[in-house]
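Have a look at these structures, which come just after this line.
Note that chain A is present in both complexes that follow, paired respectively with chain B and with chain C.
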Partner chain A sequence: MRKIFANAAVREFIRIVLAVSIALLLGLIVTLLVSEDPWGAYKAFLLGPLSKFNRFGDWIEESITLIFVGLSVAIVFKAKQFSLAAEGQLILGALVSGSVILFVPIESAFLRITVAVLAAAAVGFIWGVIPGYLKAYLDANEIVSTLMLNAIALKMYDYFLTYHIKPEGAGYTASDFLPKAYQVPSFMPKFAGNLYEMFSKQTNITHFLYIMIAACVIGWFLMYRTPFGYELRMIGANIKFARYGGINTKQVIVLAFAISGIFAGLAGAHLAQGIHNKLILNISMGLGFEGIVVATMARNNPLFVPLSGLAYGYLRAGADIMERSSDMSREMVLVVQALIILLVSAEGILPVIQQRVNLNNGKGDGVGTAAVPEGGSDVIQ
Partner chain B sequence: MTPVIEMRNIVKMYSNGVVANKGINFSVERGEIHALVGENGAGKSTLMKILYGLEQPTEGELLLDGKTVEFKSPQEAIANGIGMVHQNFMLVPSFTVAENVVLGAEPLGKGGMLDTKQALQVTADLSKQYGLRVDADAVLDSINVGMRQRVEILKMLYRGAQILILDEPTAVLTPQETQELFVAVRALVDQGKTVVFITHKLREVKEISDRVTVMRDGKLIGTQNTADTTTEDMARMMVGREVFLNVNKAPQNRGDKVMEVQNLSYVSEVGRVMLRNVSFNVYAGEVLGIAGVEGNGQTELVEVLTGLRPAASGDAMVHGKVVTSKTPREVRMAGVAHIPEDRLTNGLALDASIEENLIVDRYFDPPFRKGLMIDRKMVLKQGQDLIEEFNIRTPNGQLPVTSLSGGNMQKVIVAREFSSNPKVLIASQPTRGIDVGATEFIRDQLVQKRTDGAAVLLISADLLEVMSLSDRIIAVYEGEITGVFPDAASVSEEELGLYMLGVKRQSFEEMEAYL
Partner chain C sequence: MSKKLYVLVGLMVIVAMLAGCAPKPEAAAPEVVEEAAAPECTLKIVNLINGVQGDKSFFDSAVRGTTKAEADYGVCVKVIEAGIDPAKWQPALEDAAANEDYDILIIGTWQMTEFLQTLAQDYPDKKFMIYDAPVNYDDPDTDVSNVYSVSYKQNEGSYLAGYYAGLMTETGIIGVVGGQDIPVINDFIVGYKQGAMDAGLDEANVIIQYAGSWNDPAKGKEIALAMYQQGADIVFQVAGGTGVGVFEAAKEMDKWAIGVDSDQATIIEETDPDQAARILTSMMKNVDNSLYRAIGLALEGNLGYGAAEALGVDEGGVGLAYNKFFDENTPDDVKAQLEQVQQDLLDGKITVDTVFK
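Take a look at the complex of A and B:
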């Protein structure tokens, strides 16, 4: 028994299961207190996203966006740079990718879509260079600078949408739909027949799914297999050590912000081209900040980001459904959701088991095996 | 007679699972000087922190004069007459000595204001009574380390401490100051106080203590009358095997000039001149030692020479190539390796694996870089090789550096810096705070590098280390070179001390030929 607990991965898994169980229990108690039909409401919350095909689609679509922003945040947080730039990068990514599809006259659908996606990535990159440079060379606090840049990005989006993109005489502030021919196709290939019909009609799960998977793999590869990733992680672990060892810390910090921006830009492209197929007001509603939750739950590891993105997406989708199909108010739904996140991100929830294990090891050979800390995730790769 | 302090079966387990004390029975007699020795990580600091109420024991009990007590905080310990002087002083730099002494228990005058006169009087009286010489009205910032330490001790005495715990008190002192401290400690004991003296300098144990307790690996190995034991015995108890405290040095074979430092100056951010026109050379095949009380510009010198700080003026060259005001990587590429004085701040990334800590100066070039990637097989192989070669005690190289003891952490740094085949090796406090076994190993390696033809610049607060490892010694005081001794073997500790304190000074003409 002790041997099993000693394995870091197993411990982490037990920790999460335990945290989620406690959180769900607390959520149930809250629901019992406020709802007339608590069992129905809680069932909607727990099983809602799987109850209908289109709801399943909503869950996956939202998760894809969350995973992109989660990746973005994971990369910059890994270097211990607390950038909140993802929101602004995402908004500009949406603006640019939607505009390319609407206004750039490239004949080939494949080319136009590709250019739109790349443009979103590029604008995210640039919107990362700015706060990165300010932080690395001018010592500007990244939290302040990125929040300001978010405000600028949002206002630029609103301005262009209202005065340049919105069709003349339309009664609402939104762009035209992206032309059918230039929309990103469903992730199901056409030869899948019925399945293709179902997925393409009822959901907006598109090729962005594949881009997302590729992004996770590339993000992981970048972080754990390349010299840049090494520099990034060493800066995060101890920036003085990185400098002492000869790493050009300023340059790496700028790149960390910028590369992080690429993924947030892609999240924006997914909103514009994958989910809404047009540009609307309030397209993000703070999704960029949700990336922080996703990345933190994934311990800033790109390989775990899809898991935490899907889990968090499920939570959000379930909360949405509970709100719509029961008497639970949005506020209470958010309380339940926040409780769960709080518990999952509390790292110290298994201290009792951990201590017992270590005491036992410590009596063994006296070499430092007792002190393998939680942060071992880097090592397990 | 009941011991004044008795700690029974003390177990301390930290929340991260490290067991620092594994059932310790420790007792101190009234009126004795009791030395507590052990390697780093042996658990002696933890034990004393428990005694002083800074840590709570997981198991075990504490008896004071035969009565069970429990200290939840240092305040409770002080109220029971136990005071501790830490390695890092806890004093207010802008207050006077007297204000620091009475801080927290001030004599109050009219209207609840501090009665400065009485504070001065009390401090002066205590100072006289125990022979702890201080200037009661001097601002703390303006006095030296030795006096600051005496202020710390007075602070405890003022609060009525009967038992004083001194945590490595001599680490920051010159030989003269150490002697002065010892005189004061004896005076304290003569007046009925009890002193627990933590150290790992065995020579001091012999000199000052009545009894000695040796700890190793969280356990108490034994307590003996100091007179009945030898330093060799104590070293063996500390390490668990025979230790050779003397360094075997092959005869010197001095080669060409490798590093040349010319009129180097450095001014700190706040405008203090930390280095003033420093010039010297380091030759292949020699260890040049820098002797000085800490804080006299050594840190700045090392950081300027390794690219971590820009020089204000002057140059340093390696084989004629300027290395001042270059990036750390450029300096490393020029053949300079650096063991930093503070391994936790600069030398290591604690949460990263041992392997990854070993490649920070070389990951970007083949064979460690293969195309776009880092070649993990090479990283693994180098990790295994260096762990074996430098005898780093760990199950494998994938574990984070935090899992190692202090001595093994230092070996990781040494392994990295030595394996880069440096032309110049700058070693700053290479054995500070690490155990006897690792110290012995690192000193041997350092001398080996020098015998193999590297130019070694050694900076250490441990004067004996400087004297036993160096071929040539430079003394520094307040950012200036005050003396140079071309034959390290022929200079005495006391003589060096005078130059380190700026009391004696050689003229530039005297030094010129030997720098």
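Take a look at the complex of A and C:
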């Protein structure tokens, strides 16, 4: 037993399973109290995303966005910079990528899509440099500056959409659909025949799936296999020590904000080009902030972000289905969802139990301190 | 160990309290009734709203319409709320169309038309109704012959509201808060402005502003307060849930407001009589009546699928709410003039401008 516990990954796994079980139990209690048909409602919540093919698609699509923003937040949180810039970067990424597809006259579909995605990444980068610079060189609190920048980004989006992008006589504030020829194709290759038909007809899972996987690997590589990543983690662990050790902390902080912006920009591109295939008002509704949940559950490790993103996406998709198919009101669905997130992100749950175990066994070999896995509880100061 | 027990008990108490706070009217909501009455349904209807209930205006009116049909015609209705996040609307529609058990699927608003445009032909043996905006029946690429569209001549009703506001204003300045800068809303505003000008107001004294959102009462309040401070004494809200803030502002400033879509004063009176007393009237867009009527026609087999219908003052699609607040606050000469104008409108003596041409 102790031996198994010595493995950080196993402990982490058990911790999450435990937390989810408690949370689901609490959620069930809430459902029992509120719903006329609690079992049906809860079943819709737990199994909904897998019950129909189109629902499965909704889940994966949502998760792709969440994973992008999760990566974005993970990188900047790793340096212990509490940036909330993802929302603004995402919105501008959507604006720019959608506009490129709509208005930049590049003949080749592949090129135009590539340019659009890169432009989204670039604008995210730039929108990250600003708060990064403000923080590193002018000592502006990053929470305040990023929140303010989010508001600016949102209004810029609304302005351009309403007065420049919206076509004459549109029924509501939105752009035209992106031209069919320039939409990102389904992730299933055409030669898959039936499967291609199924996926392209019933879901919007596109090549962004591959971009997302690549982004996770790149994010991990950047964080754990490059000098920049080392410096980033050093700053997160102890910024004074990092400075003492000769790291150019200011530069690294600016880069951390900026690189995190790249991923948020990609999330925006996915919204515009993968999900809506057009630009609409209120395109994000706070998705940038959901990235915090995803990153926290993944302990800011880019390799775990896909897992937590899928899990969180599953919760959100399940909650939507429960809301639509049962008598549970939106508010109660949110309560259940929040309970689960709260418990899963409560990092102390297992370590506390574990310390007890260790004490009881009179074992002092440091397992207790290692209970926090690499990159552990350094989310917020 | 006992400490943990306390924590657990505490958590449960909190959960129980939370649950207790939850509104219970769900039990009375139509979707529950539907299960039990399933075998006797004359028609199975799904009413999908791309928002939430409780806006006291547009979507509530739609739900009222189907609920009334349920009581009178014995149809079974399931209401599905797709929520306020526009990203969920298309999945919700696709999900409902594919997985719900229904004969007629009812949806509304312009945003949903383009989804329905392509979706309807995948379900040729099902019927669809869309209110507030028509699908495009001339599109050669899509077949929408199983869709019935109903829209409203909100410009006519708003003309009456504008005329009325023009007669009632003491400062000579009135305002209107639009949800978004879109044709349907501008159709309200065009009519409102024309009515006000016909009542003798200067065009520049009709203040127009858009909130940019349907679910942001704080924004609505802010805009209305600004209008009142600019001297307006009557503000017409055309902004769904956002408009609730307009009423709050009217109550706070002791000015007047005009509601929209439903008879809002009568609805709000139950919860906040002081606020309701500041609502002179409402420009009702009778989604409820139109849906009720359409369901009735559908039962008789007389509903015109594959076509669009526009309901005006004449057909009862739009009109002012002549409730007790209107009665109390309106001088008799104004009432007489308003009646005259409404008659002129019905007789075709007045043509109200529209953005839909």
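Just so it is clear, the second predicted complex is superposed on the first by the 352 of 381 C-alpha atoms of A that agree within 3 Å, B and C clash if a C-alpha of one lies under 4 Å from a C-alpha of the other, contacts with A are read in each partner's own complex, and residues count from 1 in each chain.
One rule holds in what follows: a residue touches a chain if its C-beta (ideal position, glycine included) is under 8 Å from a C-beta of that chain, and two chains touch if they have at least 3 such contacts.
Since the model is a prediction, treat every value here as computed from it, not as a measurement.
By the document's definition of touching, of the two partners only chain C reaches A:Asp327; chain B does not. Applying the stated contact rule after C-alpha superposition, one finds that A:Gly246 touches chain B and leaves chain C untouched.
In the superposed pair of complexes, A:Glu36 makes contact with chain C only, with no contact to chain B. By the touch criterion defined above, A:Ile262 lies against neither chain B nor chain C after alignment on the C-alpha atoms of chain A.
When the shared chain is aligned, no partner comes close enough to touch A:Ala79: not chain B, not chain C. Once the two complexes are overlaid on the shared chain, A:Leu71 sits clear of chain B and of chain C alike.
In the overlay built on the shared chain, the residue A:Asp58 is in contact with chain C alone; chain B does not reach it. Within the superposed three-chain model, A:Ala237 lies in touch with chain B and out of touch with chain C [touch as defined at top].
The residues of chain A lying in touch with chain B in their complex are 225-227, 230, 233-234, 237-238, 240-248, 351, 354-355, 357-359, 361-363, 366-373, 375-376, 378-379. Only residues 26, 29-30, 33-34, 36-37, 52, 54-55, 58, 158, 162, 169-174, 177, 271, 275-276, 280-283, 285, 320-321, 323-325, 327, 329-332, 335, 339 of chain A touch chain C when the two sit together in their complex. By the touch criterion stated above, chain C contacts chain A in their complex at residues 11-12, 15-16, 18-20, 22-23, 26-27, 29, 31-32, 35, 52, 80-88, 91-92, 94-96, 98-99, 109-111, 113-114, 133, 180-184, 212-213. Residues of chain B that touch chain A in their complex: 13, 15-19, 22, 217, 306, 308, 327-329, 332, 338, 340, 345-353, 356, 359-361, 363-364, 369, 372-374, 376, 393-395, 398-400, 402-405, 408.
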